[in-house]
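Two complexes come next, and they have one chain in common, subunit A, joined by subunit B in the first and subunit C in the second.
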Partner chain A sequence: MMSTNSTAQMLTPGFSDPVSQSQLVFRRLLDAMARPGSIETVDLDIEGPETLDLAATAITLALVDFETPLYLAPALATPAAETYLKFHCGTRIITDAKDAAFGILDGTPEDLSTFNTGTEEYPELGATLIIQIETIRTNGPLTLTGPGIKDSTELGLPDVPASFWDARTKLQRYFPRGIDLVFVSGAEMVALPRTTNVTLQSGKE
Partner chain B sequence: MGTQSPQHQSPARKRWMSILAKASFEDLRSLWQNLPDKPAWTRVRPPEIGMVMVRGRMGGTGNRFNLGEMTVTRCSVGLESGDLGHGYVSGRNKEHAEIAAVIDALMQREERTETIEHSIIKPLELRHQQSRETASRKAAATKVEFFTVAREN
Partner chain C sequence: MSMTQEAQPWQAPEHDKPVEQVEGYNFAYLDEQTKRMIRRAILKGVAIPGYQVPFGSREMPLPYGWGTGGMQVTAAVIGEDDTLKVIDQGADDTTNAVNIRRFFAKTAGVATTEKTSDASLIQTRHRIPEKPLTDDQILIYQVPIPEPLRWVEPRETETRKMHALEEYGVMHVSLYESIARFGRITTAYNYPVQVNGRYIMAPSPIPKFDNPKMHQMAALQLFGAGREKRIYAVPPYTDVKSLDFEDHPFTIQSWEENCALCGADDSYLDEVITDDAGGKMYVCSDSDYCAERREAGHVGDQGEPQTPAQKGAAE
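Moving on to the complex of A and B:
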């Protein structure tokens, strides 16, 4: 009896209005992906698991279902988070990062190559990673260029180490295969699809 | 559901879930309205309408085949005590699914099980049995005996 009670107490509601709220989240994410480097805010009130940021919870509720295996970083995979995501998304939570369609990470991964980059024939099978960080700034040492960006734009993600950008640049050689990134902090998100080139301005950080 | 302990996937729960799902909405609502001290609940998953594929086996033993889809409404609620209740009913009556979910949650609270069983579950079961018997009796009354044709067995 106790175990059931504690499990149930952890289970909080998902979207209160699934249709309009999931469309809102989808639109925000679409805008973020279409204009890499622009910061979008998910202005919703969802009481998700403690370990997940609001934007991460909202994106997961909107996109993840039984056909999209989800990888949760060990630090985030509390019983409450797993119960919540299994119940509201109906998804499988997997421990092997290679099979994941979506991943929610606590900071950048040490090795990006553990995730699926898709195939030449089906590059869309590449994983989408939702990476929780502390700070997202519009001014910063990162210069972004590529589709969706007029000339160039600046972004500051102080929690992301320089080595991560090197690893990401190396991975971009295999285009169209690749991994799409969404950085989230609280209700804010910024997307870096695989087509966006990131350069770290020398002299800073 | 994966979130429930094995104890709550018991035959007893299966029985009351089935009775709540098969009950006519009018019966369920009137019994529910007469229930004293109703709990406060939150909608963990608001009532939603969907489809499920009904599958059958010819004669109960043949290969499985898809019979067709049917409309199902489901709802999940949480009580303040933390108990979680689910309601799955056929059709598109959201209120039915929600009341069924709240009663399922209440049935898991040991101090309420007995009273709810007597005031809601048992009466619904009786009414369901009665309507089944009436239907069977009406069907049996129209059974045709072909006396002129020799039975093969």
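Moving on to the complex of A and C:
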């Protein structure tokens, strides 16, 4: 399906209308980040790299540029994906997770602490991680509370192991330092900023 | 409507009509790289409620003091499907509000409105609408001075440390000194708040009457300071507490009068001089709220009942 003869043949288009589509993707992500647990859909047709979900490609096209180094998990970092993101975003693709402003991962990382959590004085330097998973659903077993959530809400991310939530909860002690997460599956996304408290209802995993 | 006319706040002016987007402008004026930078700052602001995110402010075609920070946030957020409302001191028809509304009608081609309930984005200077905002709305504040600790500590390096370490004692001492000297906290505008139990934040120069509306608001609140290049945010349904003391709890302004035009007893009132002899009356600062109440048949002491014919003419 994919020719590897030359860069030109590998390169598929980015946004067909960058101004309005960047705005649209940003607004979906803003809604997601402002209302953790709400599932937003990127309603766009983009022929991005095969290894990336549509929502991951769209967020990257909308927000990543030469000011924001991008980490790609090894499984996603095909030559086609690297060429596409370098060309359309003008970004540097880096292999040291610590320096990344954005990261795109296939599943949750073994060790969250390999990413930048910012500093006490500049907590906004903490990374934004786009994590590709299979399934996003609304009916638990995760209970979310925190800013952006009226009372509490339920979320189901069955591909995410319980150990990841434990590690994330430990990291939250260092607030305002932290990492902001966007889980994506196909065109869908759900955000968990560093302020969102996640509890796993026992026995329901 | 002329640009210089300061219409009386209770006269609902003709609704702005959508203007064709002007050729040669970038959509919403800013270039795409600048918008990306501002958008990233907004997202981090939402993720760290009440924290001031520095950003590279760009020149806007209006002088500072006209709300360039709020305009840059609006320009980064706004899309073709949005309906924009702009208020200044609660009114939609001041020169500042009219100019900003026209700016976005021209550069983004968006629809504008004066009705709070019809707006998806509301840019504001100095007020929060009286009508409760909804999940589908975003409120964008123009902020002149984003640093709430500035008046107790002028150095940016120090205030940044104080925020980082949550060292807010000096702020409380300063407020308490106001009580010791005047018997109360004298700050009536830009009254400091604490967001989600963590960052102390300047709510911009809204009257403290509006502070309680920020608490657990359904709408997302974004703040832009152009000169000092800061963006901050309060996500929906987030605790926003006005600083106070057990023996001196936070209170809001209240009036003995009701609105002279619509009779409201729950809205923020402006004193309006009515004649050379010093006659005055109190009217709602939120002109849309007042107009909507009058359209619904509410009449104040000095208001005239609206007949169905007048209602039709007003629309």
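The rule we apply is simple: the second predicted complex is superposed on the first by the 200 of 205 C-alpha atoms of A that agree within 3 Å, B and C clash if a C-alpha of one lies under 4 Å from a C-alpha of the other, contacts with A are read in each partner's own complex, and residues count from 1 in each chain.
FYI, a contact is a pair of C-beta atoms (placed from the backbone, for glycine too) under 8 Å apart; a residue touches a chain by one contact, two chains touch by 3 or more.
Small disclaimer: the values here were computed from a predicted structure and weren't measured.
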Partner contacting more residues of subunit A (subunit B vs subunit C): C
Touching partner for A:T12 - first (subunit B), second (subunit C), both, neither: first
Subunit B versus subunit C as contact partner of A:G103, first or second or both or neither: neither
First, second, both or neither for A:L29, with subunit B first and subunit C second: second
Partner chain in contact with A:S20 - subunit B first, subunit C second, else both or neither: second
Touching partner for A:T83 - first (subunit B), second (subunit C), both, neither: first
Contacts of A:I149 with subunit B and subunit C, given as first, second, both or neither: second
Subunit C-contacting residues of subunit A that also contact subunit B: 18
In the complex with subunit B, residue positions of subunit A that touch it: 1, 3-9, 11-14, 16-18, 83, 86-88
Residues of subunit A defined as touching subunit C within the complex: 18-20, 22-24, 26-27, 29-30, 33-35, 62-63, 65, 67-68, 119-121, 123-124, 126, 128, 146-150, 175-176, 178, 180, 193-195
Residues on subunit C engaged by subunit A in the complex (per definition of touch): 26-27, 32-33, 35-37, 39-49, 51, 53-54, 76-80, 135, 160-161, 163-165, 196, 198-199, 216, 218, 220, 233-238
Interface residues, subunit B side, partner subunit A - complex: 1-5, 7-8, 42-46, 48, 76, 78, 81-84, 108, 110
